[in-house]
Structure formats: C-alpha cells, structure tokens
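Below: a set of structures, written as structure tokens.
Same chain, two partners: chain A is paired with chain B first, then with chain C.
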Partner chain A sequence: MARFYLENGKVAAFIGHLQQQKTVYAPHRKGRNAFAFAPVDRPQDVVLDYPRTVSSIKRYFLPPREELLSFNLVENTCEQPVVAPLDAVFLGVHSYDVHAVLKLDHNFVSGNPERNYLTRRQGALIVGVGFTPDRFHFSGSVGVPAGDTTGCDLFLHPCEGGYALEALTPDGEGLVAGFPLPAHTAGLPAAAPFHQHIYVPQAKLKDVLAHGYDSEVWEEEAEKCTSCGTCNLVCPTCYCFDVEDAVDITVTRGSRERRWDGCLLRSFTEVAGGEVFREEPAARQRHRVFRKFKYISDETGEPWCVGCGRCTASCTAGISIVSIVNRLVNDHDAVKA
Partner chain B sequence: MTKRELITPAATKDLYLPVMAEITDVRSMTPLEKLFEIRLPGGAELGHRPGQFVEVSLFGVGEAPISISSSPTRKGAFELGIRKVGMLTEMIHRMQPGERIGIRGPFGSGFDMAKFKGRDVLVVAGGIGLVPLRSLINYVLDNRGDFGRLIICYGSKSDADLLFEDERRLWERDPRVEFHLTVDRGSPGWQGRTGVITTLIPGLDLDLPNTLACVCGPPVMYRFVLLALKSKRLPEENIYMSLERRMKCGVGKCGHCQINGSYVCQDGPVYHYPDIKALREAL
Partner chain C sequence: MANKPRVGIFDFTGCEGCELNQLNFEDQLLDILEHVEIVEWREAMDGRAESLDIAFVEGALSTPDCIKRIHEIRRKSKVLVALGACAVQGGINALKNIRPIEQVREEVYGQDKYLFPTLPALPLSAVVKVDVNIRGCPMTQLEFLKVFTALVMGKAPVEPGNAVCTECKLKDNECVYEKGMICLGPVTRAGCDAQCPTFGQYCTGCRGLVPEPNVEAMEEILVAHGLSMDDARKKLQMFNANQLEGVS
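Entry: the complex of A and B
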C-alpha cells in the first residue's frame, strides 16, 4: 500500500484532518516527565516522540472501572448498560502497545466473547508510530521491533524532517484520503536498537520458565516486592478484573462494577472463609511472570509480554522482569552446559 | 493475530446478566449451613451436570460461586447448600421462600457421568465437600442400574457439623449404598467412628480397576486422600477431584480462579487427576 511523506510542519494539520473524521486519542505530556493518552483538543498539544505512556490504550476498551449491571433495589431488577462503540482513531501508538491490544483481542474473542470489550474495540483505528527504545524497552526480544506495523491502519515511521506515513489497511487509506501528501520514495530508516534484551529467542522461553519454576529468584525478588500491584496496573496485557456492587446514597439503586485487579495482590486468590491460594509473594511473582511467558504462550505460541518496560519502569521496589527472565535463562543454560 | 472480522459484539451473549430465580424452600442443616431450593422463571431446568456451579447474586451485596447440590435428575428446581462465611452468604441466610436471587450458569466442567457408567463409584467427601458430591450421589441413586457399587466416605469435623441428615439416614439404611462416616472429634455421646477421613479408606474393599473415586473437601484434605487412595493401589486415572477457587466471573475472563495456567471455571472445578497432576498449585 501507499507510503506518503508527512513533514513535521504538517503534522498538526494532519491531526486536524483526522479530527474531522473521528475522535482522536493521542499522547499528551502530563506533568514534567509523564505522558498519557487523551482525546485531542488542540493538535499542537499532541506529542509523538515520547518514551512511553503511563498506561496503554487498553483503558479505552477495558476501562479501569466499568458498570456491568445497573440495578433497582426496590424492584429487585437489573439491566445491562448499553455500551457505546468507540468511533475513534488512536494516534501515535507504539508497536508494543498495538501488539498488546491484539493480545487483549484474543482474550476477549476466545471462549466466551465479551460484548463490552468488543463493542468498544470494534470501530477503533490505530495509527502507530516508531519510537526510540529507552533503557526499559525490550519489545525486540518478544517479537516487536520498534517499527513493527502489525495491527495498525496507518504507521508513522520517523524519518528526516518528518514521518514516512504508511497506509496498511483500506481504513487507513480512508483516513489519509483528502489530505494531499507527496509520496515517500526514500527507504525507511532502520528501526532504532534496543538497550535491553532477553538472552534467548522467544520460542525457548517456555522451556526456560518451566525449568525455573522452583528457582530461588522468586523468593529473592519477593523479598523486595511490596505486593502493591503497580506492575499489574500498568501492564498493557493484564486484563484480570474484580467485580463489586456499589449502592447509591438513596439505597434504591446501584451498580455492579468491574475494576482492574492484579494477581500480585494477596486478596486476588482469596476465597470465602479466608483461604488464600497464592499466599506467598514469591508465588504471586511467579504467577505473573508465568502468565506473561508460559501459561498463555502454551496455547498461543506467543509470549504474552510485549516488552514495553512499564512494570519495571514503575516498580516501586526496582524489580525488573527482564532481569528475572534472564536469571532463569542463565540457570537453564548452566544446567544444559 | 485475531482476525478483524471476529472483533465484533454480534455473537456475544449476556455473560454477566443474572436470571432472577425464586427461593422456594429453605432448610437449616447446621447453624452455619442451609439448603436452598431455587426455581428458575417458568420452572425452566438449570440443565446442569453434577459437579457444576452457579454464580449467585444479591444486588448491592455481590456475587459468588456456589456449587449445585441437587442432581439434574430431580426436576423443576435445584438446590444450593450454602455456608454462612461472608457478607453475601450471611444475607442469603436471612432470605425466605418467595424471595428472589440472581443466578448465572451453570458453569464449569462437572462430572462426565457417561464415563461413570457401569463403574463402581467411590465418593470421598470432607465437610462441605459433600454439597457438590450430593449431586453426583443422587444422580447415581436415580439411575441406579447404570452404575456399580456406590461407596460413600464422609468425614466431618464433628457430629454437629454433619450435613443432609435425612438423606444420610437413607443412605445408611439403603442396601444399594455403602456408607462410611467419621468425625474428627465427636461430642460426648457420639456413638459413631472418630478419626480423619483418610482412616476410612484403608478398610475399603475395592474392585480396583473398576472403581472411580470422586474427591471433594477442604484444600488440606486432597493430598492425604490421594496418598490413601494410592496406597490402596487405585490407578491415578480413576481419580476425579473437585477443587475450590475464586471463580469470580465464571466465564473465563476475570483471572481469579487460575491454578497455574488452568481456569477452574472453565476446565474445572471437577478435574481428572492425571490432568492436574503436573499443576503445582493444584493440591
């Protein structure tokens, strides 16, 4: 498909062109050093060159809090809220976050397909953007180079003086239509290198993890872990949720809400009567890492971590998922050697 | 990568919407446990297998997984044996016939009764583990000709905690049932057997390859029952067990019930032992 040249001076006008078609969500600066996706008001506020957003675009398809039912306590009846489709373009999404959405798609399509997620996700178009890996990114080790266009409708490859805008789907071409741009004829610049790597190819990770089930690394890392669950909150592929009822102040109405939950929290596996099935922080650490590199991979053949580095960048105790995995790799290879 | 055309709500069901069902009978079993008879709108059948569970909810209080205690052979209503352990079950315990509660399900694997045809059935129930296994017991009794011996080993903390008193007395008298009962600690005057549930197993006379064991009880029980069954030389592939976890959504989405990579609400709560033997978090 076509490739256009979008010079820096035209980016704001292009965003304006997108805004005429759909609601546009894009990264904005928040405070001094943080970035977050938000609906675009003024195109000039959009930041396309950023290290990572605090949370991914997951929150637009699987909101942190969401009403599953609203009920009338007087009549003892309930109904499901009507979920509005998102007629939106997500602009400036890094490749690993697009991959994360594709993984969430798998989770919400498989088994029992879920209406709320799929309704929001269905009409969403994605405009990816290349990024320069910082010291936390490692998506190259889990199959996502910095310029990977998988799952995007359009992709902005950073190049001299602007972007090579690549149209990848008919929907993507439709977004560009009516905005005159010259063709981009030069080749694409090579994707930027990563500074962090998992030492083995992704296909081997399942074996490495299986071998490391009883590794001392879980205990050692758990000693630092405060079980705050931040790693779960910022993870773009975590989708576990809790469900709680809330009653309004008149005690006549209320709602059943789902909220993001995290497997690092002690209460996650607690059942009535007080039994907790992953009581030790080490067991919870292991569960999270196994979820990312083994359990779901056993079914899908892909790691369920996209290498965004958020869990490590925001860990309050300095725990690094790459260090854990590489430690397991070393242990595994030491036995083999 | 999921195909674009699959990302559509077109084929989705009402995953989280309960049906409002009526409580038609409430029987107190112990100070902590009550048996609720529940009727779906229009007397519709729940359509469950023994070993499955439903999500029970009260608006404004919450929702919890509860195993189904009645056999699908008993039509028109189903029964839930509910222990009072938290806010939701406390509120349910206060409910009377005629009141309505939310039901979703049935969910989970349950026992595949076709695999039990012609086999001897050994039920090992510890405490409240009898609640789901009663569904299986009554299924066997209602289709008695389809199965071999029915051996029930039931262990409880004390004689005051024993469940399903009327039925227990029937099973004790029924010549088609071999019923063994023990309590960990009997109260003064307790005439029956004392000791943990595993003490019932060595004395059983089992037709080994033909016997299928179904185990359910508190988490601590499984390892010891397995050891006892192994020392009887019961093959592993003859063992089924129902496990408790936090099945919050029931539809394989919320993540709470996972044992390693297995979703209990989808693959369990009834597991064939060889399938979970390698799951380190299972037992």
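Entry: the complex of A and C
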C-alpha cells in the first residue's frame, strides 16, 4: 500500500484532518515528565515523540473504573449501561502497545467473551508511531521492533524532517484521503537499537521459568517490593479486576463497579472469610512473571509481555522484570551447562 | 424505617477537623438524618444517651480520662466507628510517643505539668474493640457516606487495603517520584482517591499503613531517592508512629 511523506510542519494539520472524521486520542504531556493518552483538543498539544505513556490505550477499552450495572433495591430491578463501539482514532501508539491490545483481544474473545471490551474495541483505528528505545524498552526481545506495524491502520515512521506515513489497511487509506501528501520514496531509516534485552526466545523461556520456580530470586526481589501493585496496573497486558457494589445515600439505589486490580496486591489474593491464597510477596512476584512468560505463553507460544518497560520504569523500588528473567536464564544455563 | 439507628458522635484528642467535616456535609446532612437519630453529640447538643447503635468516635486517647470515657462509649454502643487518623492510628499526636513522656509534659505545660496527667497518644483500637475505621486526616465525605450507608443497611463496610499507588495509577497520574519528590503512597492505604499526588503533592501517609507493610522496603526506597535513613523514618512516623512500634 501507499507511503506518503508527512513533513513536521504538516503534522498538526493532519491531526486536524483526522479530527474531522473521528474522535482522536493521542499522547499528551501530563505533569512534568510524564505522558498520557487523552482526547485531542488542540492538535499542537499532541506529543508524538515520547518514551512511554503512564498506561496504555487499554484504558479506553477496559476502563480503570467502570459501572457494570445500576440497581434499585426497592423495585428489585437492575440495568446495564449502554456500551457503544468507540469509533475513534488512536494516534501515536507505539508498536508494543498495539501488540498488547491484540493480546487482550485474544484474552477477551477466549472463554467467556467480554462484551464491554469487545464492543468498545469495534471501530477503533490505530495510527502507530515509531519510537527511540530508552533504557527500559525491550520489546525487540519479545518480537516487537520499534517500527513493527502489526495491527495498525496507518504508521508514522520517523524520518528526516517528518514521517513516512504508511497506509496499511483500506481504513487507514480512508483516513488519509482528502489530505494531499507527496509520496515517500526514500528507504525507511534503520530502527534504533534497544538497550535492554532478554537473551533467549520464548521457546526457551518456557523451560527457564519451569526451572526457576523455586529460585531464590523471588524472595530477594520481594524484600525490596512494597506490593504496591503499580507494576500490574501500568502493564498493557494485565487485565485483572475487582468488582464492588455500593449504594448511595438514599439506601435504595446503587451500582456495581469494576476496577483494575493486580496480582501483586495482597487484597487481590484475599477471598471470602479473610483467607489469603498467595500470602507471600515472593509468590505474588513469581505469579506475575509467570503470567507474562509461562502460563498464557505455554498455550499461545508467545510471551505475554510486550517489552514496554512500564513495570520497571514505574517501580519505585527499581525491580526489573528483565533482570529477573535474565537471572533465571543464567541460573538455568549454569545448571544445564 | 420504623426504628432509626441511634447514633452518638464523640471526640477525643484531635483537631475536631473530622467532626467539622461532618457538619460541612450541608447537602447530605438531611439525607443522613433521614436514616438515623443523633442522640448524643457534644459539638451540637446537650445530654447523654443510655445506649447507642452506632458510635462515631474521633480523636486519639491521650489521658487517663480518655481511657475511662472510651470504655463507657464502647459499653453502650453496638458498633464503634473510629473517625480519622487520630482515632485510627493515634495520628500526628502519636509523634509525642517517640520522646520521653516527662520531657513532653514539661515542654507543653512547664511547671504546671502535674495538673495534666498524660499518656502516650493511642489509637482507639489499642484500648477497645473498633468495628470500622474511616481513615484520613481529615476523613473524606465520600468514605464516610460509603461506610454510613453500609452500616444503615446492616452490611459490613469494605475497608480499602491496597496502596495509594493503585488509585494514582487508575487516574493515570504522573508519579511524583518522576519529579524528584518522595512519596509514602506505596505503603499507605488507599481510599482517598490519591488526592495528594493528584494535585502534585506527595502522600504523607495520613491514612495509615497497608496491612503487612514492607516498611524496610519503603525506607530503602526513600533512601535511594536521597533521604537519610533518619529522615526516612521521620517521614514514616508523621502519621504512623504507633504502627511502626507495633501499637495498633
């Protein structure tokens, strides 16, 4: 399909062109050093060159807090809110976050299909953008190079003076239609290298993790860990949630809310009667890492981590998933060598 | 409702900020009174009640008289609710516990110190059984209403057990550590909707520590971000001096 040249000076106008067609969500500066996806108001506020957003675009399909139903205790009735397809463009998404959405699609289609997520997902178009890996990204090690266009309708490859805008689907072509752009004929610049690596492929990690189940690394990392749950909540492939009912001050009406939860949190493993089924922080850390590289991966053959580096970048204790996995690789190789 | 629950409101050592916060409920106060009958409240009425369904108690226990009164309140109440950081953890009053009590008395009352018997500032739970905690300095209206409606319905209120970080992340906040600040969110109980980090401030831990907090890890984090171990300890003591000493 076609490739166009979008010079830097035309980016804002192009975003305006997208806004005329659909709601556009894109990265914005949030606070001093952070970035977050938000609906675009003024195109000039969009930041396309950013390291990573606090959380991924997952939050638009699986909202952090969501009303599942509202009820009336007097009339004994309940109602589900209307959930509609998003019909929006997600602009400036990094390749790993697109892969994460595709993984969530898999999780939410399998078994009991997740109606709300799948409904919102319909009609969402994705415009990817390349990125320069920082010291936390390692998506290259889990099969997602910075310039990977999988799952995108359009992709912005950073190049001299602007972007090579690649159309990948008819929907993507439709988004560009009506915005005159010259063809991009030069080759694409070579992708920037990663600074973090997991040194073995998923096929081997399967055995590495099995071997590392009783490793000392879990206890060592747990000593530094506050069980704050941040690593789960920022992860684009985590999808666990908690559900709570609450009534309002009339004591006759209320609603059921779902909100993100995560396996590092002690309360996540607390069940009726106060029993905590994964009491040790070390066991919870192991569970998280196994969820990313073993449990789902053994079924699908793919790592369930996309290498965004968020869990490590936002862990105040500096716990690194890459270090944990590489440590297990070394331990495994030392024994098997 | 035929028989409205009989409610009493009591205060001990604290700034009465939590109670005043109740008075600020303006729009909701009438709704609240729909469901309960307030029968004892020093700030707004005279007299004492014989028995209560729910006692809301604010403030820390810090004198022999406090101990006597809290036992009385407990004896006549079916459900006892601790309101705010002072009642739940001892609050900032408990900072006095980390210094010799005689020195504290002398500094505050000078030569009159013998007129004012004083004890270490204790959370209610150190002396009587507390059924429900409403945390925060001051407590929030939102949480009060949540607990209140649960009690009126005869249900056990859910007490948040996660760290403040969870609420920060749900809101897509920038972590204040990213700005070179420190924060006690990783070991502090959620339920405030991470209001301080949301406004760019750090969490001082006013809602108390999470269950089974990893205090050593928190201290290491603070030290790794530039605090001395002594300052790290002091930051944690501000609202949690009792918990750090195992008093709760």
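Operating definition for what follows: the second predicted complex is superposed on the first by the 337 of 337 C-alpha atoms of A that agree within 3 Å, B and C clash if a C-alpha of one lies under 4 Å from a C-alpha of the other, contacts with A are read in each partner's own complex, and residues count from 1 in each chain.
Please note the rule applied: a contact is a pair of C-beta atoms (placed from the backbone, for glycine too) under 8 Å apart; a residue touches a chain by one contact, two chains touch by 3 or more.
Predicted model, so just to flag it, every value in this text is computed and none were measured.
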Residue contacts on chain A - larger count, chain B or chain C: B
Partner chain in contact with A:Q20 - chain B first, chain C second, else both or neither: neither
Partner chain in contact with A:G318 - chain B first, chain C second, else both or neither: second
First (chain B), second (chain C), both or neither touched by A:G151: first
Which superposed partner A:V247 touches (first chain B, second chain C, both, neither): both
Touching partner for A:C78 - first (chain B), second (chain C), both, neither: first
Touching partner for A:T230 - first (chain B), second (chain C), both, neither: second
Which superposed partner A:T185 touches (first chain B, second chain C, both, neither): neither
Which superposed partner A:C263 touches (first chain B, second chain C, both, neither): first
Chain B and chain C contact sites that coincide on chain A, given as residue numbers: 244, 247, 251, 270
Parts of chain A lying in touch with chain C, wherever the complex brings them together: 30-34, 36, 53-55, 59, 64-65, 223-230, 233-234, 244, 246-251, 259-260, 262, 265-267, 270, 281, 314, 316-318
In the complex with chain A, residue positions of chain B that touch it: 1-2, 6-9, 11-18, 20, 57, 59-64, 83, 85-86, 89, 100, 102, 219, 244-246, 248-249, 251-256, 258-261, 266, 280-281
Partner chain A, residues of chain C touching it in the complex: 28, 31-32, 35, 145-146, 148-150, 152-153, 158, 161-163, 165-166, 169-175, 177-179, 183, 185-187, 200, 210-214, 216-218, 220-221, 224-225
Chain B-facing residues of chain A, complex: 68-69, 71-73, 76-78, 80, 83, 102, 105-109, 111-115, 118-119, 121-122, 150-151, 213, 239-245, 247, 251, 254, 256, 258, 261, 263, 268-273, 275, 277-278, 283, 287, 290-291, 294-296, 298-299
